[in-house]
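Below you'll find the structure I mean.
The first chain written gets the first letter, and so on, giving A, B, C and D; residue counts start at 1 in each chain.
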Amino acid sequence: MEDQTPSGREQASPEVRRRVQDSFDRQGLMAHLGARITHIGPGRVHITLPCRPEVTQQHGYFHAGATSAVADSAGGYAGLTLFPEDSDVLTVEYKINLLAPAVGDRIEAVGSVLKSGRTLTVCQLEVYGVHDDGSRKLVANGQQTLIRVNRPAP
Amino acid sequence: MEDQTPSGREQASPEVRRRVQDSFDRQGLMAHLGARITHIGPGRVHITLPCRPEVTQQHGYFHAGATSAVADSAGGYAGLTLFPEDSDVLTVEYKINLLAPAVGDRIEAVGSVLKSGRTLTVCQLEVYGVHDDGSRKLVANGQQTLIRVNRPAP
Amino acid sequence: MEDQTPSGREQASPEVRRRVQDSFDRQGLMAHLGARITHIGPGRVHITLPCRPEVTQQHGYFHAGATSAVADSAGGYAGLTLFPEDSDVLTVEYKINLLAPAVGDRIEAVGSVLKSGRTLTVCQLEVYGVHDDGSRKLVANGQQTLIRVNRPAP
Amino acid sequence: MEDQTPSGREQASPEVRRRVQDSFDRQGLMAHLGARITHIGPGRVHITLPCRPEVTQQHGYFHAGATSAVADSAGGYAGLTLFPEDSDVLTVEYKINLLAPAVGDRIEAVGSVLKSGRTLTVCQLEVYGVHDDGSRKLVANGQQTLIRVNRPAP
């Protein structure tokens, strides 16, 4: 049913998926934008954001800020999938190139871990403009540094 | 009345301010987040975003995506203030470091032009967490490359 | 004889290869570091730098500056392979993550074009630490923006 | 005698200056390029690189790789000045914009700490083209993330 999740792509364990989804559900911004997670694999997370006026810039394209927000979240959660259970993730920094006007029925951000270290993790960020006819185009590409932090007890 | 606009800071011309404000008002994302422009000077634009659940991440801080979105817009409009009237601005890329948890009653993004060229413009991006008691703290710092494009006739 | 050039990898045309090699040969820094081009394909260039004390940092690893220098050149020349003959390339900016200590008998920088536009080109940069026994490890990963400029007549 | 060191600029303690200078002297690349440290202040280091063919690109300007190398070192040592004695510094990543052709009798890289944390430090990088007549121009601007590591016992 989830057409954005390539069939056959490896899923993370149920525990990891629940941990990522729970954290995502606490991100007010993601809900406010209308974003949702469409894939949680080991070291790889997809987030989809449908097109609507609330996420555009002055020409009606997806705003670079919206594009970046879902890219940043996808990368952060990709890192989190590889962390021990009692830890959390913070973005240290990221850099993103806006390669083409971000148009489409939705954008799909793909965060994937390039290097996972004890303290720092580096992710690749890709954002595709996706049309309902199935065509896809890379509209943004970035690189992100994450830091693992101990999660405070609840 | 605009406490975020330091008194005495130079304003851009009325034409430039109207051009920037008009473009900003067409950015669906900025309205959806609740952001507004608080200063338009030559080569320098401030954007303020009040804190509310719709712009937060999982710990209740401002989401890096929201922080980046206002930083990106502040830089883009800072560049636009120096462009000829018949041109528009696109973000080529930016890099941002999240220096500290973005907390405060609001954040204030300051975009300022570092180098303005015929084709490319480079801006510095700063985001401050601001409390109603007047205290401010730098929470993010970045660098952005913009490209000037000819505006299509309406 | 060129073990760094994977057999079967597509070569650029002789004209393009000569143009890239000529430009490279005029880069005093590359000769001074001891770097040489080991592959020129369409949109993809490899540069190899042997390990010697002159390119190290305080721990005897390759200096980040040397790693970056060959990465930047590899990306720039990857872009140049796709440009018309009367044009030249300048680096607008790049960002690089140093993923692991850069050790090896040599490092190999791989620049590959991600998006080639009329004015701007975006490249991916990878640097591998390579040992004579054939083992390789990704030690740096980056992203670069190039601008095409008209070459002044000689 | 050191014209690059603005008179009156605060110096780091003799211990810190010696520690930085010792580390710098072990960087084979800096000596090979001809770079030297011209100022060591708390959270701020200057490195100067004279112009000569060995550090140029194909047009005779300073190569972006040489510009970046001294910028990276200046930032790294700026961070190190604020670290405890038994620690060392590694570059996590940096991003640099080449703002103008790097010409001059020398370039001067200025690294200054923007945010110093327990684990991570963020620096601003500036590189100036400097002529013997005293004129200076900003030719590159960047931002760098450093990590503090415990120094292995000798």
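Operating definition for what follows: a contact is a pair of C-beta atoms (placed from the backbone, for glycine too) under 8 Å apart; a residue touches a chain by one contact, two chains touch by 3 or more.
In this text, all values refer to a predicted model and were calculated from it rather than measured experimentally.
Chains making contact with subunit C as well as with subunit D: A, B. Remark: among chain pairs A-C and B-C, A-C carries the greater number of C-beta contacts. Averaging Cα atoms per chain gives one point for each, and the point farthest from that of subunit B is the centre of C. Per-chain CA centroids place subunit A at a distance of 23 Å from subunit B. If you average the CA atoms of subunit B and of subunit C, the two centres end up 35 Å from each other. Centre-to-centre spacing of subunit A and subunit C amounts to 30 Å, using the average Cα coordinate of each chain.
Within subunit A, contacts with two or more other chains are made by residues 92-93, 95, 97, 122, 143, 145.
Of all residues in subunit D, those touching subunit C in their complex are 23-24, 26-33, 52-58, 63-66, 68-70, 72-73, 88, 90-98. Against subunit A, the residues of subunit C that register as touching in their complex are 95, 97, 99-100, 114-115, 122, 124, 138, 141-143, 145. If you check the complex, the residues on subunit D that touch subunit A are 92-93, 95, 119-120, 122, 143, 145, 147.
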